[in-house]
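Multiple structures follow.
One chain, chain A, links the two complexes that follow: it is found with chain B in the first and with chain C in the second.
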Partner chain A sequence: MKTSTSVKKRKKGRLSRYEAYLWLAPCLVLVTIFVFVPVIETFVLSVSEVSRAGLVKGFGGLRNFQFVLGQPVFGRVILNTVVWTIVNVGVSMVLSIITALVLNEKFHGRKLARTVLLLPWATSQMITASAWKYIFDYQYGALNALLLKLGLIKTNINFLGSANSAFICMIVVGITVTIPFMTFTLLSGLQSISTDFYEAATIDGANFWDKLFRITLPLLKPAINVTIVLNTIYVFNNFTIVFTITNGAPANQTSTMMVYLYYLAFKKGDYGASAAISVIGFVILLAFALLYMKYQMKEETAS
Partner chain B sequence: MGAQYSDATEAYIQSVIDDFEAEHTNVKINLEIVGWDNIGTRIRSMVGAKQAPDLYNGGSAGEFVGDDLLYKAEDVISPELKADFFQVFWNNNIDPDLDEVYQIPYVASVRALYYNKAIFEEVGIEEAPKTWKEVEEVSAKIKEHYNGDVYAWGVDATLTEGQTLLAYYGWNNGGGFVDDAGNYIVNCEENVEALEWIYDMYQKGYTNENPSIETRDDMQKLVAADKMAMLVTANFFPALYPELEVGIAEIPYNDARVSSSSSMAVQDALIFFNENAKATKDTPEKMQAIQDFLDFFYSAEYYTDFMVQEGLLPATLTGAERLAKENPEQAVYIDALEGSKFYARSKQDWQDCSTGVCEAGQKVFTGMQTPKEALDELQMTLEN
Partner chain C sequence: MRKTGKQKFYLGRIFLYLFVVLGVLYILYPYFVMFVSSLKGMDEIFRIPGTIFPEKWVWTNYIDIWRDIPLAVYFKNSAIIAVGSTALCIACAIPAGYALARMQFPGKRFIMSAIVVTQMFSAVVLLVGIYKLMVTLHLQNTRTGLILLIAAFNQAFAAWLLSGTFATISKELEEAAMIDGCSRMKALIRVILPLAAPGIVTAVVFVFIHAWNEYTLTLVLIGDPMLKSLNVGIHAFFGYTNTEWWYVFAASLLATLPILCFFQILEKQLVGGLTAGGVKG
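And then the complex of A and B:
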């Protein structure tokens, strides 16, 4: 009896191992078709000579990369992308932690506040960005009207008038779009921290700041790490905001890599160069994600 | 495969196809209509997969002719149809590098100066300005009357429409994109002067504040909201704002350089993919069927009704005749079409030129470069 059950068990175990692959198969097929194939195709395109009609005309070596790196505006585009990503994620992170802490407290209308916070995230970014473009408008924008009424300025400010000021404005828009999702990820992290810690700390006489820095933030760290990696990727790859507000103007001075690659493909008809930018972006993000995880995991095991 | 001009485009073309198929029972036509945003990507994936359509109107021949993917127009269409196109359109479609025609006009539109009648009345301006000098005078009056709260003139240097800078202002100062031989002349003296003039208008506060990011659509809204007095735009503009009292005039010109206004026509083209872009052979029967269908499609009745429905203009003589008879108010546009100039779209590197002019404009309006510096740089890029 005994042996037969153990054989049965083993059989069952082997079966379920195969079964696992069976269940995974559809997902793997989909991931291959929709993730790996396009990624590989982009890599191939980036080292190919591509005609205006989009036809691959043979191996082009690193010519597309040389071309892209040789563009005078490329440095500016990279700088824009880095500033865009770091400032966006950094500022959003600080603000999101504060918002998440507030929303984790019990107060009247908390449900409403949480819902309202989700709205900008649920709205199409195209619509959000168009609305902001009008808010920043020189002559008829709501922001100038508000500042004038409050007596903070005497004449209208041309927010979108220069590359630098327009870029700052777009980062502000980016932050408002990033905060909701960040806050909710962090909020779920906060909710998983047991209240026992706080009760014990209160008994020990800890004040608000002690609890924040010794309990909340350390225990929130896994959630923060996930949030940083995910949002860096989202923000880096964001296209809609810059495309809608300045479309890179003047002369790609406000372009991020995503907007620039669109410009190369659809305004210049240079698909090879566009693919090269795409690959460069992919490599940057991959390097960031690997380094960050390695560094963070090391730190976590060390502590 | 065709581009979507409005929600009614697909239904209309399908109805033409149905009528054609009823007469030619052995012919079956498959129609695909794609929005402008995606059509460029869609056609490239089809060409890459050797599944290109026989007829396509989402781009220009210059994009595909270099890869030997297209039939010459005369190998496809009937001599009667060729003779029916406006001569200016046919000539505009000659590829200057190959000296052949690979595309035929599909739809046309024409640009003109539109002005907000209420603003003109309020300020006391009786006539639309004809020359650059008059534009400046009128703009000064508008600026003074509204204390700068209403823009007198709209100028666009965005990536969507910025290339119009050398059309609206360059042509009307004797300049333009190419010379008669089809060589680029973007940094000619006339063009530099034209950009200097419009930049001067901007600096005097007569125009919108941020030409690099304010698109034609943005500015059409401003005209409709009584916030902008004058804007050069396309003939479908009035139909977008039926409530608006809008006046129409010729695009103003610099009478120190030229003696009359140059209007600008824009055409979308129809091209014909050859066997290099398809997996199947094109039999003589099939080519005959395509020719018959084009004759049918471009017949005055079907073609003109299609153009009227979309707010566009026909590019055929018979179509124009029918339009003038049935919609006399459109006749003014037909006249303008005949004397119009076109973008140098049949040049294979037209995209580089068009985008380059937009960027030159953006550099000028944000003070990064002078008109001369920006246009010299562009000329150099185009020549290399």
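And then the complex of A and C:
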């Protein structure tokens, strides 16, 4: 009697050990087919000879990579992507910390300010980017009209006129759409810091800056780390802003890797080369994520 | 001593309000531009120097857009895609999040990291792979294909958020229900889901907004003009020489309205929901 129940229990235990897979099945099936299969497809395409119709004609070795690396514009595209990602995430991070600190204070209209901050995150990036494209327009743009009316300029500024100035404008738009989500992530991190720390620090005579650098930022560090990793991935992978505003013009000088891989695949019909860019991008991101997490984890365990 | 403290306080307040007012103005500026430009006529948009407010308020722009492009069809497509992918995504993420929060099983760490890794792939990076898969499955140029893809690419986020929510709910509640004879499934539906409602609402709103705003996949996969979503459809106003900005912005503002309906929920849930999701690491 006793043994039979324990056998039954063990059997049930084994069943429930694997029961979890049943619960996970829908999620895993969906992700496997529609995320991991494209990952494999992309890797396969990158080392294949691909026809213009997208058919794999055979193994191509590293020819696609050689082709892509040999493009005169490739260096510029990589540089653009790195600048785009680092400046965007860096500036957004600093501004988001300030914004989160401000929105964590109590003041009149805080609720309204938080709601307004949601707008750039919740609006379609295509729509935001087209609004800014019009704002920056040389001849008819809203910003030039405004600056003229205010008497700040005498003649119109060609914001999107050169590759460099257009790129700066697009980074500004990128920062605008990156800040909201960053701020809300940091804000929830701020709210989990106990007020006891600040009370104790006030008794010890600490001023605002002491509290910021000795309490708030160190305790916010885990949230900051997660935010940096996630947003680096999002910003690196952003396609819509550059695609809508310049579409890489002139001659891919303002392209990031995402815009360039779209151009290669769907304008040039070179799926193999496009897949090679994907793989290069993926390796860069993976290296960044692993290095960052390793470095940060080491630091966290050390302290 | 005390006086300087007070002065410092007021100085801090002034900076705070200045920062908030400037920030709010900056964020609202593009929406202001879209609104006033959507009410200008063609001659006024292309006039030099430009105006700030419309001289003549052309409200008929908002009627014309329904005739110039099949805007109603785009609305319908966007709604089908967003509702379909959100429903599918959440339906798959609830059991997954529950299993990750409650059960121990071999390979759990592997599966968790696999789900996290999917966060690293955006649809854009995998564009050619996705395109090829969709052609193979005969799902290119269909809304079904988009629904499946959007649901899959939002799985990681939704499952992670929901598992965080489920982990905050006491195990004893469902154990009590199961002792009373409920199956695990029934316990989940009857006991856990109502308690997890705030987290689920957050996940639904997030996925819906992602789906509503999806652009790149639709651009690449949908060729049939009658299957286009709002984002891609509005792009039709971008001509080769001149963009019909007044129509672009009128349609854009209408396309943004459904999202604004969620703002009340978002404002309430975003901060609390994210904390429950375990941003702490």
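By definition in this document, the second predicted complex is superposed on the first by the 287 of 303 C-alpha atoms of A that agree within 3 Å, B and C clash if a C-alpha of one lies under 4 Å from a C-alpha of the other, contacts with A are read in each partner's own complex, and residues count from 1 in each chain.
Definition applied: a residue touches a chain if its C-beta (ideal position, glycine included) is under 8 Å from a C-beta of that chain, and two chains touch if they have at least 3 such contacts.
Every value quoted in this text rests on a predicted model; they were computed, and no experiment measured them.
Partners chain B and chain C clash in the overlay (superposition on chain A). Look at A:139: by the touch rule set out above, it reaches both chain B and chain C.
Look at A:54: by the touch rule set out above, it reaches both chain B and chain C. Contacts of A:267 after superposition on the shared chain: chain B is touched, whereas chain C is not. In the superposition on chain A, A:37 contacts chain C only, with no contact to chain B. Here chain B and chain C are compared by how many residues of chain A each touches, and C touches more. In the superposition on chain A, A:125 makes contact with chain C only, not with chain B. Of the two partner chains placed by superposition, A:154 touches none, neither chain B nor chain C. Look at A:275: by the touch rule set out above, it reaches chain C but stays clear of chain B.
Of the two partner chains placed around the shared chain by superposition, chain C is the only one that A:17 touches, whereas chain B remains out of contact.
In the superposition on chain A, A:106 contacts neither chain B nor chain C. After the shared chain A is superposed, the part of chain B among 112-120, 220-228, 238-246 or 292-300 that runs into chain C is 220-228, by C-alpha clashes.
In the three-chain superposition model, chain A touches both chain B and chain C at residues 54, 139-140, 266, 271.
Remark: chain A residues 16-21, 23-24, 26-28, 30-31, 33-43, 45, 54, 98-99, 102, 105, 107, 109, 111-120, 122-128, 130-132, 134-135, 139-142, 144-146, 148-149, 176, 184-185, 187-189, 191-192, 208, 222-223, 225-226, 230, 233-234, 237-240, 243, 258, 261-262, 265-266, 271, 274-275, 278, 281-282, 285-286, 289 touch chain C in the complex.
On chain A, the positions that touch chain B within their shared complex are 51-56, 133, 138-140, 158, 160-163, 166, 245-253, 263, 266-269, 271.
Within the complex formed with chain A, the residues of chain B that make contact are 40, 44-45, 47-48, 62-64, 66-67, 69, 149, 151, 157-160, 209-210, 212-213, 227, 348, 351-352, 355, 359, 362-363, 365-366, 368.
Of all residues in chain C, those touching chain A in their complex are 12-13, 16-17, 19-20, 23-24, 26-31, 33-34, 37, 45-52, 88, 91-93, 95-96, 98-100, 103-106, 108, 111, 114-115, 118-122, 124-133, 135, 148-149, 151-153, 155-156, 159, 184, 209, 212-213, 215-216, 220, 230-231, 234-235, 238, 243, 245, 248-249, 252, 255-256, 259-260, 262-263, 266-267, 270-272, 274-275, 279-281.
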